[in-house]
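Multiple structures follow.
Heads up, the next two complexes both have chain A, just with different partners, chain B and then chain C.
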Partner chain A sequence: MKDIEPADGRFLEYAPAPESTSILKVRTDYGLFIDGEWVQGRGKSFTTISPSSEKKIATIASASDADVDAAVAAARRAYEKSWAKLSGSDRGKYLFRIARLVQERARELAVAESLDNGKPIKESRDVDVPLVAAWFFYYAGWADKLDYAGLGANPRPLGVAAQIIPWNFPLLMLAWKIAPALAAGNTVVLKPAETTPLTALLFAEIVQQAGLPRGVVNIVTGAGDTGAALVRHPDVDKVAFTGSTAVGREIAKTVAGTHKKVTLELGGKAANIVFDDAPIDQAVEGIVNGIFFNQGHVCCAGSRLLVQENVHDEVIDRLKRRLSTLRLGDPLDKNTDIGAINSAEQLERIRTLSDIGEREGAERWSAPCEIPENGFWFAPTIFTGVETSSTIAREEIFGPVLSVLTFRTPAEAIAKANNTPYGLSAGIWTDKGSKILAMADRLRAGVIWANTFNRFDPASPFGGYKESGYGREGGRHGLGAYLKSGASK
Partner chain B sequence: MTIDKSAPAAAAPATLAPAERAVQVLGGDLTEKALRQNLEGLPGVDAVGLEQRAAGLATRSIKTSSKAWALDRIIRLIDLTTLEGADTPGKVRSLVAKAVNPDPSDAATPRVAAVCVYGDKVPDAIEALGAAHGDPDDGLISVAAVATAFPSGRASLRVKLADTADAVAAGADEIDMVIDRGAFLAGRYGKVFDEIVAVKEACRRTDGSYASLKVILETGELNTYDNVRRASWLAILAGGDFIKTSTGKVQPAATLPVTLLMLEAVRDWHRLTGEKVGVKPAGGIRASKDAIRYLVTVAETVGEEWLQPHLFRFGASSLLNDVLLQRQKTITGHYSGPDYVTID
Partner chain C sequence: MSHLTIPKTYKLYIGGAFPRSESGRSYEVVSGKGAFLANAAKASRKDARDAVVAARAAVSGWSGATAYNRGQVLYRVAELLDGRRAQFVDEISSAEGVSASAAGAQVDEAVDTWVWYAGWCDKFAQVAGAGNPVAGPYFNLSVPEPTGVVATVAPQGAKGGSLLGIVRTIAPALVAGNTVVAIADEARPLSAISLGEVLATSDVPGGVVNILTGSPAEIAPWLASHADVNALDLTGAGGLDWVELEVSGADTLKRIVRPEPGIPDRALGRILGFVETKTVWHTKALI
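And then the complex of A and B:
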């Protein structure tokens, strides 16, 4: 047989399909959003860049201690004067309104997120933004049903919540924090990550559009100092943090001995366990989705692949084939699978840890892909021959790097999976339901996915064991983090 | 675990026809037991994961030059089909005219790969094609005939073989056979296997060459993805040149997840033996947009070298005109309408 004009890579080299940025109107500079208004920051302003091009997006204000003070004071006033006095159903109306505005402005938010964070538009469009709306819808529904949150009748809000979120899912983490806090009757001061403030600032516009009483939501931008000032502030009743374990530990120290309630959602080194009776093609997809989704910038990423030794070669061969079809490049192209690494600093960390992996004797393989000239990029990489003692099997890399280990029996899989200071998530791949249940019982991780990975739903609580943090976000449990029992003083 | 004392296995013949591929993979002593163990040993399919992957592939955005290439290629991969009780010589002539000259307003429009008709209409199709009859790899048009008591397959093997041999004798280049779904669902894999081997032999022409054999699984009746994977593997082992989703007479016909799964089987076969088997989704693909999703799925699963008439086909009738409308749009920049493409 001969071919009629073979495609010769012409078809798979899909023509560019960039999402238009015309819908997004970015201001040249942004102040702080305090008490319902935009105000100048008193700290030294900074720029936010697009990690895929290193081009400047906007100048961002930095909140000084005094600005943080003003924001907390505004939140306190709003808490006492308006928000806590509203009925649950009225708070729900505002949250529903926010959810609908997020849906209306979904494309704009997705473009902004991909521009500022570097994640592919197909993820911001199909995962991040729809989940943001879902989170607000979900907690809007709870606002007038707090009696059923599990804390007895008439549970009460905590007061002012200080919320600090990371750069990996900027708008989604904002939603995880703000939606339950407001539903429960708290007011918030939120600090987005230094490298990804854009969507939080667009969200401030949505807050204005929704007509939320002033001061209920305050957004202060800045670096670590701003966050520290916010955590330290004596008039804050609750601290919610998502980010690294190192910073989480600092926060725990700072609030120790105060009245502040804390929830911490920290790092992870999840085991994704593949048995020899797994649906193999779907398991390969799950491995890809587990570690290469969002460039591996996911705290619950399946960064340790535990594969049963008798199918190791088969799984790795299929995985390499699949990784070779991933498209790395312009985050705004609708066909991009792997976007940019969020910052030069993070790229450096990924490189350093990967080099250590190689030095320690693991075998490195990277998907063949062209790396763009500007911006921060790291090709999807897997390490085979990794041992439990290897650095890359213990430390969170937070990038598109998979460490592959093997196991022989379910008991060994459990032992290896649990052999980590973290305990955020885990995955199990097998066609046998009873095996899933038996494994899940013994895995010490807050979230366990069976025959899938990295699936999120507002109704499902999320959080970690051990050094992955404490408290739960999402679902009914997530409300508990922002309420106290009506009987307590 | 099924043991060989179980009723269906015991009732079926122990030894199978020694099809070359099956012997190669399962060993020389080809028994129904060995076939059963092979099929039941295939990894399971997780329905949620499979459908999620198909949905992910469907989000690819194919624009400008890629779209133009895709539209032309879709036309060259179509088996333009008429399978009605009411088919007449006139209807077949009209179908053939459309196949030869899909868009009279643009002579640069490629031709389809084949016309697909009932066996007794093969002479009409060949006569109407005239000089245009030949190998689609040469830009000509093949004649495909459905056979083996299409679409139900409920007839004796003798009748199915006669049906096939008739069509081949009449000049059919390709035979689209149906598997015995009843036997498959009853666990009689050996019967299904032996029938395919026998039909393949009936595809032999007097000069020793063979008509190409497409094996229709009728995935809508097999119902589960695990069944589709087993049937795909069975049809390949028995010697099918193509595996085809559906007759078009049963709903659901071709779906993207089912086609993806069959492509995975073909990919795995290629991985194992280096041999390329074709895939033909048929029925229910009406829009260019959908067809492009299939091309993406082929290219990203088995590779774009599969986008050739001898390795991938669309079984469709109304798809062609939608592709032509899209094609006119990419060339002229504006949409025309259904009156600007010809019906067959």
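And then the complex of A and C:
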């Protein structure tokens, strides 16, 4: 062993294995995609950078109120003139085309995503982009079967959908929004996040390649103002938002008193509950996947580890050992486990909350890893000795930071898990099936993973209880969010 | 021989008991012809908050009951309502100034509403849930669960609705296991309170339904802003400043059903307006 084990204790070192960026042809600047064409934005354009290098990727247009108006008007025209008049099977065929085009351009999209978002290429390549194709494929098949969506015969689309998506899974969130909306016969205006517009703009090219009628999909880039203009636009019939609870609240207030239907996927503070009879090694992998997948930039992340007191030390020891093997660095390196934090602003938030955690008395431990010189980085960090009242047990950090609490009985685990205004997800680790079922019944969360975590599938409804929002995405439920009953007045 | 009647004191229905308003306030209720009928309790903010506390405390028991059991309890409400038909016909005809046969038809509709929703208790989950064919070794199931505490505003002054209006707003919320704080028809609250007496004797656990009489314009904002209320049924709030109620409810991201004129239809959608979908991924062993 001596020969191959280096002095720092690492068993094996890896040579750099960067994915080539040559497959990706990025333009120097991007306009808005409205009515099937690229147009200039009338707002102040901005730059999107790579969070791992802080290097500029492209100049991005910003949509003014007038641009948003034009995009909604284009979507309305397309809704009335072409899309809603197409047969369901033809709408479905367009969506199947999109699914295939995403598969054909999968590597390019993965590279673009990792470049713009900072997530490891192994995640964008193996999780994000395959799920994007799957999402379009799944909803494509629904387009001519709407009578079976659970709303009775002849359900109708809502009209124009305004969709606002976050920066953590840029292209995947686009797919979650656009695929069911189009399958149901709506047209869309989508605003990607300010820091991650690139893959949505590449998607506009795919829309062109698929030959979609003009105006069915419109992409407007910009900051919060652009999103707000879209939400309050009077000719919008549906608002779908994924993002923070604070913004979700504002959206709920903005649409109050209107006819608009709303779906909100908001924040979370999920409990990942590990019982003493769990397979500990698998649980440790699940804990890592739960909070360090995508740098913890996941609304359903398992950010609160609830571990049964008698196995606490063992779990934490093994967890620290496992975290010490994670490789942080270049998102485009195929061996990278932890990529870059998406923005300087988010890094600041993670730092601030971690400092508060320390000040409030929790014990901080960070994986020993080298932090690259440029870019935004945060080493995987766990806090032990966290109290239920601690800030880091209550507020969503949205970063690679795990708060560890303990419990003795299932009842205590349930009480602690539910002790949050959020209710998006939860995890249960135990070898006992009956315990899983009883726990799952009592956890107030929309998605529960038993002996796994952070699994997503287009057939599986996803969404929160309480202040994690309302409405579901995925599955038949996600389709219903874009339909109204044919009998409704 | 004439018998001097003993008029009933109409009070609130909170936590299975019939208290007067803690504020000591009451208001005069008159018949369709303007004659004095009763002094109803005028619920205060404290009464509204007490009702939410009672409703919250009742959630675990009611939502934890089996669906079959909830169905039987709601059916029992229909039985007892039907048994007290004469009293309701009397109250409805004096409140609305309608004939006894019109009032009787309204009671029939109310009874049938309870029967209809009772039958949904152990069926709606089969219609609204799903087994999801995910691409992986997982048993994946979506099931509807109750949202929690639902505050409802019963239709106000709807034609033929002094009893049916409140039944149509309360019953669907109970199906999934929610508990309810209901604001009665302000001008015609008497049959709502008599409905409380039916509920109190129908095996509906105390706190599962709470009925407040008084001013909806006054009470609804207290419930809309209450952090322990999960959903707001504004069906009967069309005459109030309901936009402000929706804005207020947004602070705690309440599920909100917007106003609709008249008496709402019986509909599966009204059950599903107050449920959450829970999706559980169970790992399958690789054998």
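Note that in this section the second predicted complex is superposed on the first by the 478 of 489 C-alpha atoms of A that agree within 3 Å, B and C clash if a C-alpha of one lies under 4 Å from a C-alpha of the other, contacts with A are read in each partner's own complex, and residues count from 1 in each chain.
What we mean here is this: a contact is a pair of C-beta atoms (placed from the backbone, for glycine too) under 8 Å apart; a residue touches a chain by one contact, two chains touch by 3 or more.
Note that the structure is a prediction, hence the values are computed from the model and not measured.
Enquirer: Once the structures are superposed on A, label A:257 by its partner contacts, choosing first (chain B), second (chain C), both or neither.
Expert: In the superposition, A:257 touches chain C alone.
Enquirer: Touching A:452, do we find chain B (first), chain C (second), both, or neither?
Expert: both
Enquirer: Taking the superposition as given, does A:285 touch the first partner, chain B, the second, chain C, both, or neither?
Expert: The first partner, chain B, only.
Enquirer: On the superposed three-chain arrangement, identify whether chain B or chain C touches more chain A residues.
Expert: Partner with more touched residues of chain A: C.
Enquirer: Between chain B (first) and chain C (second), which does A:486 come into contact with in this model arrangement: first, second, both, or neither?
Expert: The answer is neither, since A:486 touches no partner chain.
Enquirer: Tell me the contact category for A:224 with respect to chain B and chain C: first, second, both or neither.
Expert: So A:224 meets neither chain B nor chain C here.
Enquirer: Output check: A:467 vs chain B and chain C. Expected answer is one of first, second, both, neither. What do you get?
Expert: After superposing on A, A:467 lies in contact with chain C but is clear of chain B.
Enquirer: Would you sort A:334 into first (chain B), second (chain C), both or neither based on which partner it touches?
Expert: A:334 sits against chain B, while chain C stays out of touch.
Enquirer: Once the structures are superposed on A, label A:361 by its partner contacts, choosing first (chain B), second (chain C), both or neither.
Expert: neither
Enquirer: In the superposed arrangement, does A:211 touch chain B (first), chain C (second), both or neither?
Expert: neither
Enquirer: Report, in rising order, the residues of chain A that make contact with chain B in one complex and with chain C in the other.
Expert: Touching chain B in the first complex and chain C in the second, residues 451-452 of chain A appear in both lists.
Enquirer: Which of the residues in chain A end up touching chain C in this complex?
Expert: 134, 150, 245, 248-249, 252-253, 256-257, 264, 266, 421, 423, 433, 436, 440, 445-452, 455, 457, 459-463, 465-467, 469-470, 472, 475-477, 485
Enquirer: What residues on chain B touch chain A, complex-wise?
Expert: Against chain A, chain B makes touches at 43-46, 48-50, 52-53, 59-67, 69-70, 73, 76, 136-137, 139, 264, 295, 299-300, 304-305, 307-310.
Enquirer: Residue numbers of chain C touching chain A in their complex, please.
Expert: Within the complex, chain C touches chain A at residues 127-128, 130, 132-136, 138, 140, 142, 147, 230, 242-243, 246-247, 249-253, 255, 269, 276-283.
Enquirer: In their complex, what parts of chain A are in touch with chain B?
Expert: 1-4, 6-7, 9-17, 122, 126, 277-283, 285-286, 325, 334-335, 431, 451-452
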